[in-house]
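Across the two complexes that follow, subunit A remains constant while its partner is subunit B and subsequently subunit C.
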Partner chain A sequence: MKPVYITRTCQIANDQLVMDGVEAVLDYKEIIADPALRRRMSRIVKMGVACGLKCIEELAPESIDAIITATGFGCLADTEKFIESIVANSERLLNPTPFIQSTFNTIGGQIALLRGIHSYNVTYAHRGLSFESALIDAAMQVAEGKKNVLLGAIDEITASSADIQRRLGMTREYELGEGANFFVLNATTSVKDQPAVFDIDTRSGKQTEDNLVEWIVEMADRNNIKTSDLWIIFINSLSDIKNNIKEKLGPNNNIMGYKSLIYPTFTASVLDYAINMLMGLTKMKILLVTEYQHINYSLILLGRG
Partner chain B sequence: MEELIEKLKGELIAELNLEEVTPADIDAEAPLFGDGGLGLDSIDALEIILILERNYGIKIENPAQGKEIFYSVKTLAEYITANQKK
Partner chain C sequence: MRIAVTGLGAVSGIGFCVSENIESLRTGRHGMGKPRFFQTTLDVPVSEVKATNAELAKRLNLNAERTYSRTALLGLMAAREAVADAGIDVSKKRVGFISSTSVGGMDLSEVFYNDFRTDHNRGRLRLVSQHDCGASTEFIANQLGISGFVTTISTACSSAGNAIMLGARMLQHNMLDAVVAGGTDALCKFTLNGFGSLMILDKEHCRPFDATRAGLNLGEGAGYIVLQRSEDAARAPYCLLTGYANANDAYHQTGCSPEGNGAFGSMSAAMAVAGLQPSEIDYINVHGTATPNNDLSEATAIRRIFGDRVPPFSSVKAFIGHTLGASEGIEAVYSALSVKNGYVYPNLNFKSADEAIGLAPETEFAEGRRVRNVLSNAFGFGGNDTSLVFSRAD
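Coming up: the complex of A and B.
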């Protein structure tokens, strides 16, 4: 895979906007100026649209060749409102707004409409691998010559979804969260040492420690890197087994665990975290080893180009 | 009629998520759609149809009348008073 440079990052979580690692003022009225549009937007739509718009604020609409978004759960609050309305009104007289806003591609579509971007626009809803799938597509678009590919991930938590996840035992090892993360990707950059994604791979189905070791070695080999030269970050429950894997991988002092809040597209926030961490590493590459609910796994190799 | 106008203003604010508007900001005789009033659009028109059906049991049989009925809060209130079933 050719390196994919990340030329801009933007995150909105806990009512905080962080751009390229620096906290900025979050004013929805300024970012989404039209009050008629803003009033129809649920929390996640507002977060996602604002985050995406801030990420491309310095780019002309015609210079953006693709918008690729990812969401595991979609716009949950609007979906719940729509379903509740179906029940409450005996499947009749349903309000159009929650239905329109509940679709998975609402955020990618709204960003395109607001900025007049007529390019490729796709949303991935692949459960715990939604963001990874979007990243793979974005990397392929960049490899095909597309410039300024806007890649984003959005998921929200609602009281009822948190309750359902708790009852299903999905919160035993994790703390639930939500957030919006966007990135601008390019094949080239004029900035020295710009962060870049060098490789990505995904697996579904429970992976044993041996599977993970074999997989990590495989990725290191195909990128001509020794595993001992990597910073390997084991995310969430994998951080609990990092020492076992460390023994099997051989000598490497650069292994750490990181626990993030969990939601289907949480890998996007972990990527944002790793990009900030890269700023303190001059030569080393980082390998993110992630898992979601012991079902979806990913390896993301990044470094400074 | 005044009471119904105030009730309608509250229902419009709640159902159309007019977060930045108070009942006092709505001129009962100003146009609901287009410039010079609340600036509502076609999706809002569908939401108002639902308010009439759910809350007042009124179904607009002739769509051609819509423009007149939906002109302002006052015209809505007059139509409800003349046709209310609930």
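Coming up: the complex of A and C.
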């Protein structure tokens, strides 16, 4: 895979906006000017649309060749609101707004609509690999010659989804979270040492320690890197087994664990974190080893171009 | 690189497999009727797959004691048919599964919610654990034995078109050797009421492109095609997938622009990818939902491209309903067979031309026609428009 440069990052989490690693003022009124539209938007839609719009605020609409979004659970609050209205009103006289906004591609569609962007627009909704799938598509778009590919991930937590995940035992190891992360991707950059994604791979189904070791070595080999030259970051539950994997991988002092809040597209926030960490590294590359609910795994290799 | 369509699978209100679907299209047998397999008070026609979940599970040799979402059952039925048809070895690492759905396991979630809404400690968890879109995809991939790249796309009614487009691009990028791509969606209260709340459901049998059209009918089903590089195909392909494109109308969250900008963009770009002139398209499988807005907008876009030489076109929505995330999966199967056998499908219920549209669709089933290239459209909420081009393999 050809390197994909990340020329801009934007994050909204805990009502805080961070752009290119720097905290900025989050003013929804300024970002989404139409008050009626803003009022209709549920939290996830507002958070996602605002984050995406900030990420491309300096770009002309015709210069954006793709909008690719990811969400594991989609717009949960709108979905519940519409189901509740079906039951409460016995299928009569329903307000369509929550139904319209419950669609998984609402955020990508709204960004296109608000900025008049007619290019490629797609949404991935595949559990813990929603963001990775979107990143793979984005990397292909960049390789196909597309410029300023907007890649984003959004998930929200609601009282109901938290209760359901708790009852399903999904919160035993993790603390639930939510957030929006957007990135602008390009094939080239004029900035020296711009962060770039060099490779990505995904797997479904439980992976053993040996599977993970073999997979990490395979990715290092195909990128002509020694595993000892990588910063390997094991995310969430994998951070508990990092020492076992370290032994199997051979000598490497650059292994760490990182625990993030959990939601299907959390790897987008981990990527944002790793990009910031790259700023402190001169030559080394980072390999993110992620896991979601022991069913979805990914490897993301990044460095400075 | 030539991308071959080597396997087809479809289930819809007019048949449990591809041949049953085609037989119904040939004989004019549509799938519309009152909802029988899910509870609703709405009195509108829908095209249901004519079996209960237990019957579907039995047909699939699944343990009937377990709980499956209808979306997963329909998807497995069509995907299994497509894989068997192509004769590919799915255990190979570079075989992918790209599925799409708009509701996922919503049919179960809404049952769960009846108990859960009054007490968050109630409701059977097995009914909600399959809620997310990825659940049905992973279930189908596991059942088929596909362990390579697996993902789910959800862009409302254009979802399956985008799944097929991603599959083609992953073959182009040499990331996969074979891919099963398409979509699945089951009918449920949620979507029926959703489209009801938008006031775009016709209480009568829908009439795409007709002057009296008054809205759409929903349907359910699943459709998948197997794509391989033509040199890797184990069998003679049905046809080639030569063009694909996705464009955004950026006009309204649920409506289409009067100029059909998104549709114009996706159709012209798909033809450009295929390297085709308008005169080389012999049939268009239109999106044709039968809403006043969609059909006029789509027709306007078609006229902008084809001028006064619009090729034969038709909508199959009056047969199978609008199957949302499955629609382009099922219609890709129909389009592939149109190229292979020269089929042109009838646009049921078309009687009087709409002056504003000024075009009349095909109303009779035809076979053995010269069909070099088929253009197939799928448009969705969020202004999401996708077009595919299927072409003769010889």
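Keep in mind that, in the parts below, the second predicted complex is superposed on the first by the 305 of 305 C-alpha atoms of A that agree within 3 Å, B and C clash if a C-alpha of one lies under 4 Å from a C-alpha of the other, contacts with A are read in each partner's own complex, and residues count from 1 in each chain.
As a working rule, a contact is a pair of C-beta atoms (placed from the backbone, for glycine too) under 8 Å apart; a residue touches a chain by one contact, two chains touch by 3 or more.
Predicted model, so just to flag it, every value in this text is computed and none were measured.
> After the subunit A overlay, clash or fit between subunit B and subunit C?
Once subunit A is superposed (C-alpha atoms), there is room for both subunit B and subunit C without a clash.
> Figure out whether A:S237 sits in contact with subunit B (first) or subunit C (second), or with both, or with neither.
In the superposition, A:S237 contacts neither subunit B nor subunit C.
> Taking the superposition as given, does A:H118 touch the first partner, subunit B, the second, subunit C, both, or neither?
In the superposition, A:H118 touches subunit C alone.
> Touch test for A:G205: subunit B only (first), subunit C only (second), both, or neither?
Second partner only, subunit C.
> Does subunit B (first) or subunit C (second) touch A:E91, or do both, or does neither?
Touch status of A:E91: second partner only.
> Touch test for A:I100: subunit B only (first), subunit C only (second), both, or neither?
both
> Is A:G108 touching the first partner subunit B, the second partner subunit C, both, or neither of them?
second
> Determine, under the contact definition given at the top, whether A:A36 touches first (subunit B), second (subunit C), both, or neither.
In the superposition, A:A36 touches subunit B alone.
> Check whether subunit B or subunit C contacts more residues of subunit A in the superposed model.
C
> With both complexes overlaid on chain A, what's the closest CA-to-CA approach of subunit B to subunit C, in Å?
Once the two complexes are overlaid, subunit B and subunit C approach no closer than 8 Å between C-alpha atoms.
> Overlap of the subunit B and subunit C footprints on subunit A, residue-wise?
Looking at subunit A, the two contact sets intersect at 94-96, 100.
> Within the complex, which stretch of subunit A touches subunit B?
For this pair, the touching residues of subunit A are 35-36, 39-40, 89, 93-97, 100.
> Once bound in the complex, which stretches of subunit A touch subunit C?
67, 72-74, 79-80, 82-84, 86-87, 90-92, 94-96, 99-100, 102-106, 108-110, 112-113, 115-127, 129-130, 133, 136-137, 140, 143-144, 159-160, 163-164, 167-168, 202, 204-205, 264, 295
> For the complex, give me every residue of subunit B touching subunit A.
Touching subunit A from subunit B are residues 15-20, 39-41, 43, 46-47, 50, 53-54.
> Using the touch rule from the top, collect the residues of subunit C that touch subunit A in their complex.
Going through subunit C, the ones touching subunit A are 40-42, 102, 104, 109-110, 113-114, 116-117, 120-121, 125, 128-129, 132-135, 137-138, 141-142, 147, 149-156, 162, 166, 169-170, 173, 175, 189-190, 193-194, 196-198, 246-254, 261-262, 265, 380-384.
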